[in-house]
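Think of it as A, B, C, D, E and F in the order they're written, each chain with its own count starting at 1.
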Amino acid sequence: MKLNFKGERVMAVVAHPDDAELFCAGTLARAKADGAAIAVCVLCRGDKGQPSQRVANLTAVRRKEAAAAARLLGAQLFFGEHRDGTLIDGVAQRRKLIEMFRKFKPTLVLAHTLEDYHPDHRAASLLAEAASWFCAARGHKTRSPAMESPPALWWMDTVNMAGFLPGFYVDITDHVGLKTQMLACHRSQLIRGQDADFSPLAELMRLQMRTRGLQAGVEAAEAFRAHCVFKRARAW
Amino acid sequence: MKLNFKGERVMAVVAHPDDAELFCAGTLARAKADGAAIAVCVLCRGDKGQPSQRVANLTAVRRKEAAAAARLLGAQLFFGEHRDGTLIDGVAQRRKLIEMFRKFKPTLVLAHTLEDYHPDHRAASLLAEAASWFCAARGHKTRSPAMESPPALWWMDTVNMAGFLPGFYVDITDHVGLKTQMLACHRSQLIRGQDADFSPLAELMRLQMRTRGLQAGVEAAEAFRAHCVFKRARAW
Amino acid sequence: MKLNFKGERVMAVVAHPDDAELFCAGTLARAKADGAAIAVCVLCRGDKGQPSQRVANLTAVRRKEAAAAARLLGAQLFFGEHRDGTLIDGVAQRRKLIEMFRKFKPTLVLAHTLEDYHPDHRAASLLAEAASWFCAARGHKTRSPAMESPPALWWMDTVNMAGFLPGFYVDITDHVGLKTQMLACHRSQLIRGQDADFSPLAELMRLQMRTRGLQAGVEAAEAFRAHCVFKRARAW
Amino acid sequence: MKLNFKGERVMAVVAHPDDAELFCAGTLARAKADGAAIAVCVLCRGDKGQPSQRVANLTAVRRKEAAAAARLLGAQLFFGEHRDGTLIDGVAQRRKLIEMFRKFKPTLVLAHTLEDYHPDHRAASLLAEAASWFCAARGHKTRSPAMESPPALWWMDTVNMAGFLPGFYVDITDHVGLKTQMLACHRSQLIRGQDADFSPLAELMRLQMRTRGLQAGVEAAEAFRAHCVFKRARAW
Amino acid sequence: MKLNFKGERVMAVVAHPDDAELFCAGTLARAKADGAAIAVCVLCRGDKGQPSQRVANLTAVRRKEAAAAARLLGAQLFFGEHRDGTLIDGVAQRRKLIEMFRKFKPTLVLAHTLEDYHPDHRAASLLAEAASWFCAARGHKTRSPAMESPPALWWMDTVNMAGFLPGFYVDITDHVGLKTQMLACHRSQLIRGQDADFSPLAELMRLQMRTRGLQAGVEAAEAFRAHCVFKRARAW
Amino acid sequence: MKLNFKGERVMAVVAHPDDAELFCAGTLARAKADGAAIAVCVLCRGDKGQPSQRVANLTAVRRKEAAAAARLLGAQLFFGEHRDGTLIDGVAQRRKLIEMFRKFKPTLVLAHTLEDYHPDHRAASLLAEAASWFCAARGHKTRSPAMESPPALWWMDTVNMAGFLPGFYVDITDHVGLKTQMLACHRSQLIRGQDADFSPLAELMRLQMRTRGLQAGVEAAEAFRAHCVFKRARAW
């Protein structure tokens, strides 16, 4: 039994330029292969993810890295342009994300879970939740018209799987290569692997998709939980 | 064994003009019948709950609808006047609610739960929690003097009962008629029943009070959880 | 996005003859329509579900009712023949269920959840969990050979939805008729609707599938949670 | 707002002769004062609660201690006569408890919670849960006829409050004296206060009722959670 | 088996001037005795903790009380200078705390838990969590250089132990005297003991450390939970 | 900050001959190195863990494998001799384990958690919990005298980390070699790596200790939760 993403419009809402790679790139690749339209919305610039060997123009560098990864995937890319470490669930931030939703018209949103380790991830989680409701409320005016109805919303796994109880798994065995290539685009972060304030991302990703796979009986998997509330829950 | 609300001063703190009807109107009616004083505080204007057939002057219309419903109940009505979708747990918002608490002097507050589906509901939940503590702190100055002690606080059910684990139930069998009439005042929202971004409220309310009733062995019920923290918990 | 049950072999493991109707008949009907093979295993005889108007030969009567319902569904029927109120998770009981698994070879098992209200339901839950592991262990000898690998396992909703937090929903809109007809076969239980120790089953079922539907944006639904443990979790 | 137990028939189901004193004697005393009928069912003999200074005939001694305490309270006393450390949720054990339920006809049962520290407490919890359903099932034959309908069921606090999240509190301020006198009847256990395998019960009880009281704004309280499942949940 | 704090740098991050005394002073005293460096960061002024007998210059008074208590402990003291009841998890508030972290360089942070009863406690919890990550991110510029790596983070017990499930306990038997003396410094709060909006702190503290001690088999203890997320979790 | 196991007597209570290797061998090795006495109690024979290439005399083979692993560790070995798949929490099973406790006199017991995937693991969990209380009750007679007081009890991680939320981690970086060698003794199970009803144990162990290590900032770790109930909780 496999979920089929054909006809869906899947949008990942992440805090930083390399988060989609870690938590949902395999699922996005699979959805793409099924015929879904894909978008990634990166809310923050990644401007504070500075390696010990300083990278000049980090914001621009990371934007290019994200663009390269999105190109590999064939995904439309949205940038929230918020500064790292400043993301909050405020009215202006919501409005910006609502407008991006209305432009892409997702039927399924993948977002950070509230248990995650980073304040920007948790703010992104709250923003995605808020926007997933307001995007369809015609009382909320933005440049684009309101969507017909709210998208479904799934919470993504955490860094290192800490504290995340999966509700279900998506088999990404056939998309490990693409996910890995996408991560490889983020060179500015991969060089942080030996810094004491960070971790080797490639190993972390490999361990995580393999562990989730082993838990679910496949080579590699990504884990999610459905957000079962009014108008965001779906019957499959 | 029935709870008796005689002598209580019960205040519902809700986000939008029709929320009290859905989640606690039966309990308010029962408390009223027991001899309690009742208030409803509606924090937002309801200005974004626009039906597909556009309603002009929606804020004014909804204010009248809320007033009509409160009249049926015999409840004092407070308006927070916040715009829909902008409610946050901030200092100014707290101060406004603290002052309303100090005017009405509730002994029991009914508020949205943090699991609820709508950002305004969650902000209302946080605000009610904050005000339930600060209202009795004489260091927090507002126009009215501090209350003697904090009120009890109960969390209300969610829309559609999604994700809410009841701690106890209130029998509202004798108050179904009034609750139903109160909802009927909210015509601007009832006409949204067929909109894809909303639901038929009358059916939703009927199903919910009947389901909660069936769970608790009566015709109709409303579900709550007590907020068991410092000074808000009570021994019955 | 719909789950497709084609090629699956779905087995519901329930305690009493009418439990499959209440909790998963719509899903079974949908899986059948997708081309899955269906079985229902009724662990207890239903011999204690005596209406106030006494039914003679209750065990035989209920067996016929279950058979009639299974015929409507096109499901293979297994009987555990345990007496009501005596079901426990013991070695003999496991062996019997393991053998039934090995005969039918399910790829997906639907079973009562541990939060359910009835001791037999909880014992059935433990038995299904145990059998879902042991059925594939060749060290566990029964008449039939061990299965190749363990089936997936989903927990079903509770009576009245009490205490059950859904992980996902299955749309049964097109199968409400069959589910309803199947329940109608259980006449010995429907006449208990006015007994103080029981409830009107038809209303209960209608409310439950409609509420789960309303929660998930469809006419009618059934709610489940995947059992995410070793060899029973799946990647979709 | 106070709960009123008038007209109720309250039965505490505990594992050992001094458990009712620790967890619910204040509530029983209050219910008695309200006009309720009270029973205590002690499932085990207390035969293994041997102090370091050995007590001869411990079973008989503890039976007398329990009887003395019940006399103070004015409660009917039932003995399960199971040996300490052997209590399980089995068919024979259920039948015995069902018959006691049918004799006393409780409308409210107070029982150990599943989080409690002692295997006998957990078995007592399961037995009370099972009997609270089966007592009203006329298919379950015992000497006495089936009850009309199942009683409500509340879970009691744990020893030391470890791991127990209260759902609500009962004010026992006026019944501290009686609760204390009742505990004083259990001399064979009070002398275990300095044994390394046990604790000073009087201090433990005093701390617990005072802490629960401080949490709930009264001098002394006992904490409970309602078991919100089919036919055992109530609307107050 | 005892934890040894030698070589650690322990920083308590609390909302109000007397919070460290209630929740972690015993642990700080023990860490100090083990040879750890200790700091207390008080985020708010305590300016709203006004007794019914009004204290003039409350902010200054409480600052002196906190300083006296810190002196007894031998702890470095940091003041956030926020007004009571206004603390939020904002960018400016984070920056201030990050700088304090970078000055003291904690290896272990003790902070309020999110379940706590007071909005300032919850804001302090979020701030400590955010700062525990950002303090080591060299992209986040403050006056002092970034720390090498994030500190460990433990959540402290709540007032009255309401809703807090301990993960482990720290034995403070040898430090009860100092903890008690430290609380005694907070005279402006001790005189609130009879106010209806507050509680007698000395009794509350005594009950709490004794109860936690009784739960953990020692005279007196404090309870904590480790925050098991990326870079804040530790292997002991 | 490291836990020091010096002077402890640590006993792992596991269901099958290779379970200690997977879940706690690193911690046992570290405790041994600290000077603790170590025991492993294997409750079942491992007689049903039959590879697809059948192993004759599987019980004897696995006993030898367990003995070889224990020898590497320097641990005393106890065998429960129960047949696989039949383990239950019964009176006779408890008595046998109580006697083993009384022989070894553990101060710390490591046991399977109740969330684990295998019925024998869950029964072992219940048995260890029961024996950890009864071992110190002098009313419970076995050949050896009662222990002075109950041991501490920690729950171990699950297979594949499914559903286990760690409370804390133990650094086993220096003991990876021994843990790996110990697993290598279990040749009868390692050859099941390609069977569809099982998994490659060596990879599974490597992934798990590395993932737990990455979560906790070390090369390799094992995860636990303390059982915080009466007399089994400890203050560190």
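Convention: a contact is a pair of C-beta atoms (placed from the backbone, for glycine too) under 8 Å apart; a residue touches a chain by one contact, two chains touch by 3 or more.
As the structure is a computational prediction, the values presented were derived from the model and not from experiment.
Common neighbours of chain E and chain F under the contact rule above are A, D. The minimum number of touch steps separating chain B from chain E is 1.
For the touching copies chain A and chain F, the fraction of interface residue numbers used by both exceeds half; the interface is of the same-residue type. Interface repeat of E-F: among A-C, C-D or B-E, the matching pair is A-C, sharing over half of the residue-numbered contact pairs. Mean C-alpha positions place chain D and chain F at a centre distance of 35 Å.
Inter-chain spacing, taken between the CA centroids of chain D and chain E, is 39 Å.
Within chain D, the positions touching two or more other chains are listed as 160, 162-163, 165, 199, 215, 228, 230-231, 233.
Pairwise chain contacts in this structure: A-B, A-C, A-E, A-F, B-C, B-D, B-E, C-D, C-F, D-E, D-F, E-F.
Remark: chain E residues 160-163, 165, 199, 203-204, 207-208, 210-211, 214-215 touch chain D in the complex. Residue ranges on chain D touching chain F, taken from their complex, read 47-50, 52, 58, 84-86, 88, 115-119, 158-160, 162-163, 196-197, 199.
Within the complex formed with chain C, the chain D residues making contact are 89-91, 94, 126, 129-130, 133-134, 136-140, 146-150, 228-233.
Across the complex, chain B meets chain D through its residues 1-5, 8, 108, 152, 165-172, 212-213, 215-218, 221, 225-226, 228, 230-231, 233-236.
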